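Here chain A shows up in two complexes: once beside chain B, once beside chain C.
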Partner chain A sequence: MRMNDCDARRPASPALLEVEGVFKCFGGVQALTDISFEVAPGRIHGLIGPNGAGKTTLFNLVSGVFRPDRGGIRFQGRAIDGRPSHERVRQGIARTFQNVELFGSMSVLENVLVGRHVRTRCGFLGAMTRLPWVGREERAAREAAWRLLEFVGLAGQAMTTSRELPFGWQRLLEIARALAAEPRLLLLDEPAAGLNAVESERLGDLILQIRERGVTVLLVEHDMGLTMRVCDRIVVLDQGRLLAQGTPRQIQCHPQVLAAYLGGAVCPG
Partner chain B sequence: MSLKPLLPYLVLAAAVVLTGLLVDNFYALQVLIFIGINTLLALGLNMLMGYAGQISLGHAAFYGLGAYASGVLTVHCQWSPWPALAVALALAAAVAWLVGLPTLRLSGYYLGMGTLGFGMIVFIVFREGGALTGGASGLVGIPPLTLGGVDLSDPQRYFFLVWTVVLGFMLLCRRLIDSRVGRALRAIHDSEQAARAVGVDTHRFKLQVFVLSAVMAALGGFLYAHLIGFISPESFNFMVSVRLVTMVVIGGMASVWGALLGAGLLTLLPEWLHAFADFEMIVYGAILIGVMIFLPQGLTRGLIDAYERLRRQAPGISSAP
Partner chain C sequence: MQELLQYLFSGVTNGAIYAVIALGFSLLYNSTELINFAHGEFAMLGGLSLVTLWAGLGLPLPAALILAVGIGVGAGFLFERLAIRTVRRPDPIVLVIITVGASILLRGVAMILWGKDSHSVPFFSDHAPLAVMGARLLPQSLWILAIAAGLILALRAFFKHSLTGKAMEACAVNPKAARLIGIPTGRMNLLAFMLSTGTGAVAGVIIAPITMCSYDMGTMLGLKGFCAAMLGGLGSLWGALMGGFLLGILESAGVGLFSSGYKDAIAFILLLLILYLKPAGLLGAAKIQRF
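Take a look at the complex of A and B:
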């Protein structure tokens, strides 16, 4: 509860991510209409809305899968529209996928090592010549990967082939892989989908720990318990439009949100 | 660094030295040299297909480019073979880069079609090249290699040259696979979308591995041209590209040793099957189908699995009453 309220005390610092008047349409379907919001650094931001509200589309715009039709997205004050995905990762935006996209044939450790890609630089010649700096870089990458596996609790599975992991662990691995890029902003697309209650609870703790590491989180999630527990701020989308934004308490009491989304949940207090 | 991962390579190196010293049959050495050249080609193609997951149905074109570039420069311009080799490799790299730039944006069947078309164009250029390439009848009089005054036309010496190159590239490829680059390539194979999302510049890596495999094929072409002294377009036609793909698949995708096994089997089979005369192609096809049905992961994986099964069974047998 204390964490949810801290947002109201502090004035907003310069935004990490600014979404400004973004439109996106697929064929005849208007997926996003005039969406504007800001993500302040060091917070956990929730992005909620019914299915088809445009949450994943918005994620894909921020991570560079699509370009907005109109409007712009700025990261750390710089426009990033038109920059390819891999460059955005280098700048500090990492993501996970709704349907978990691991490198199935590779081990758990190797998946996290691929996550280190943008923080290492050995190329074809470096790999073939194996100069001393390449060995140092590789060792450092492995150490970082092991630390991340310990952080998400998968160090015991490091050598397992990732597609053989139970689903809940695959989710954790995907988060570890994203963190390996040392992002400033982490986009989590429905990380609790397919998890049981205990796993969801642990995931909530993990997301809070990620914030403690100084990583800003943008979270799309259907699990309202989890969202309300961890988020500092919440943005509500409905049918491609921005319906409301505010603290979890404000959102829970917002009449339009209650009508459109929560189906008449009782406002606490 | 531990020596254990190097052990198989040391064994292979020892086998190469022994074979080279003991075998003095011209025909046998010639076959072994061809296995070496094919291993080099399959190894390069395996980096592209087995690791990065990109198919090329036109790889014989790069093989031919290496052979023809060096052949034309040494025959028509009287160049020494070594500078000609440098030009041949650079040419193959440049062509691969230009061809890969648009085609590697394709995937699956479309990439296959694109590279297939490229292979056919290059084949036609060789055949219709007039006096420059010798046309359909080929280019004759390609000089043998000498290195520091040593004549390499002796089959034993050529054998050592080719297999030193093969061993070197096997080690280089192994290093590449066990690195940031190799992981990025395998990531592209598993999920291109996820690879991009973790920051891999997928297009650039695909292009680079395509260029690498083309350069290795061109080197194979150079070694072939200066071994035989004569090249004709038919040595670099579509069937050769298909045979290279078959070597990779039969030997085992994503395996350095698979390239060696696949190249070995597909080079030796036609030699053995001469006995079947008219039925040669039928037996050849049947063996390939058999391997694919019973060892779908390729020879390397199949042999390893068979070994593991034997090892598991062994204690069971000894403890039986």
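Take a look at the complex of A and C:
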């Protein structure tokens, strides 16, 4: 088996995503202070904390909306700071948004198709000249999009204009669109917000199925029931600092977490 | 009757050209929300390039056509890279003023390269004019209509069916989401510029044989195209077509029925009326269909 230079020099890191000593401030507000944690491949990681704890800021740093003031982020052992968003998607980081960001006037199927753009090579010339491989590639993209819609359960709505979907389905569509980029790491920003109990139950099942497809998930979520149910590990932020990390069980019993976040809930068992 | 038909022919011919120019405005506006006031200059560039390549250098017509349009596309590439991309704070108003500056620059460069004289090129084919119910139809009019129709169909197919076209549409609908799902929005903007200036050059190329080409022909073409785009509703494909043909036909009817002195006034009266009465354009109230 061949190893590349990078692996030869450093001991192979088992982590998919490494956040190392990250600081970020906006104006005078220190949004993140010295955050370090790792995301192991094949797991579902939860990122929790009260409002304003810096969860979405952290997502934005990982997906390339902002750059950290200090510290670094590594993905698959490679530093990704300063790489533009679309390159990060190509490397395998996809995300959804807290406030759903769909292409409202486009159909459900088209939304997923566009999500696949990063995995295709066809440019304008290819599209105009209709070279045979362009046709093949577009057919393949269409088939993949259909499969993803079936996976999230929206195949029946494929031709609907996406802004006409009920809100819960728009969230599912965002997940399908993110999966279309064939990510290794999927960032879900509060996917259960605005869903009813049945819908968030189903969302939990979906997230578990996504892990079974081999996609690592980093989940920001306020719904504690969902988070505790699906997550393998949880990182707790509070006012921009890392408060604790561990298994759901450990987090539920962590005294500082209980004090700061869960408001003194009783530890089960 | 015979005269009316004649006005209709010339109106439809001009209308096709206005429609193609309006299409360029709409296309760019759709992807970047920018109005390129140098757009007419790219039509001028196409027309004068054809003068040099076909009439001057004697290239075969198809090659000269493709090269002239290619020059328009290439100029759009340079324009975006050098003048638009480099702006530190891309406020819309700053960018629009840059396009006005670019139009002056392009006119100046064209004056140096081609001089102040008007140039002419022959018709694409030397058939005799057709007589249709007593009215004369120039073969060049058929060329113009055919090329405009081909261009419109190709663009529509591109936006409707190709993945790249969909990605461009996505950038227009929600740029933030587009960037974060992995569409290189910068490259898509560049592509929009090249497509837009390319269609501008097509308009210049097809109009070249029926008008005199000179370094300052772009100003009026650009303004007329802009009127047509506003008339139909900026950002709408069908709006651009409708606005173009409506403007062309009304203009030639006005010339025929009143006086040729009013030709250019008609476009601007229409523009004022539409801005006053229905600023979103004729197709504005109905669901404006993006490409």
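Throughout what follows, the second predicted complex is superposed on the first by the 256 of 269 C-alpha atoms of A that agree within 3 Å, B and C clash if a C-alpha of one lies under 4 Å from a C-alpha of the other, contacts with A are read in each partner's own complex, and residues count from 1 in each chain.
The rule we apply is simple: a residue touches a chain if its C-beta (ideal position, glycine included) is under 8 Å from a C-beta of that chain, and two chains touch if they have at least 3 such contacts.
Please read all numbers here as calculations on a predicted model, not as lab measurements.
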Putting chain B and chain C on the same copy of chain A, do they fit or clash? clash
Touching A:H117 in the superposition: chain B (first), chain C (second), both, neither? both
Should A:L218 be classified as contacting the first partner (chain B), the second (chain C), both, or neither? neither
Please work out whether A:L32 is in contact with chain B alone, chain C alone, both, or neither, and reply first, second, both or neither. neither
Applying the document's definition of touch, where does A:F97 land relative to chain B and chain C: first, second, both, or neither? both
Which partner does A:V230 reach: the first (chain B), the second (chain C), both, or neither? neither
What part of chain A is shared between its chain B contacts and its chain C contacts? 63, 84-86, 89-90, 94-95, 97, 101-106, 110, 113-118, 120, 122-124, 126-128, 134, 137-138, 141, 177-178, 181
Please output the residues of chain A touching chain B within their complex, sorted ascending. 63, 84-86, 89-90, 94-95, 97, 101-106, 110, 113-118, 120-124, 126-128, 130, 134, 137-138, 141, 177-178, 180-181
Interfacial residue positions of chain B with respect to chain A in the complex: 172, 175-176, 179-184, 186-187, 189-191, 193-202, 208, 212
For chain A, which residues are in contact with chain C within the complex? 63-65, 84-86, 88-90, 94-95, 97, 101-106, 110, 113-118, 120, 122-124, 126-128, 134, 137-138, 141, 177-178, 181
Inside the complex, what are the residues of chain C that reach chain A? 154, 158, 161-167, 169-170, 173-174, 176-185, 191, 194-195, 290
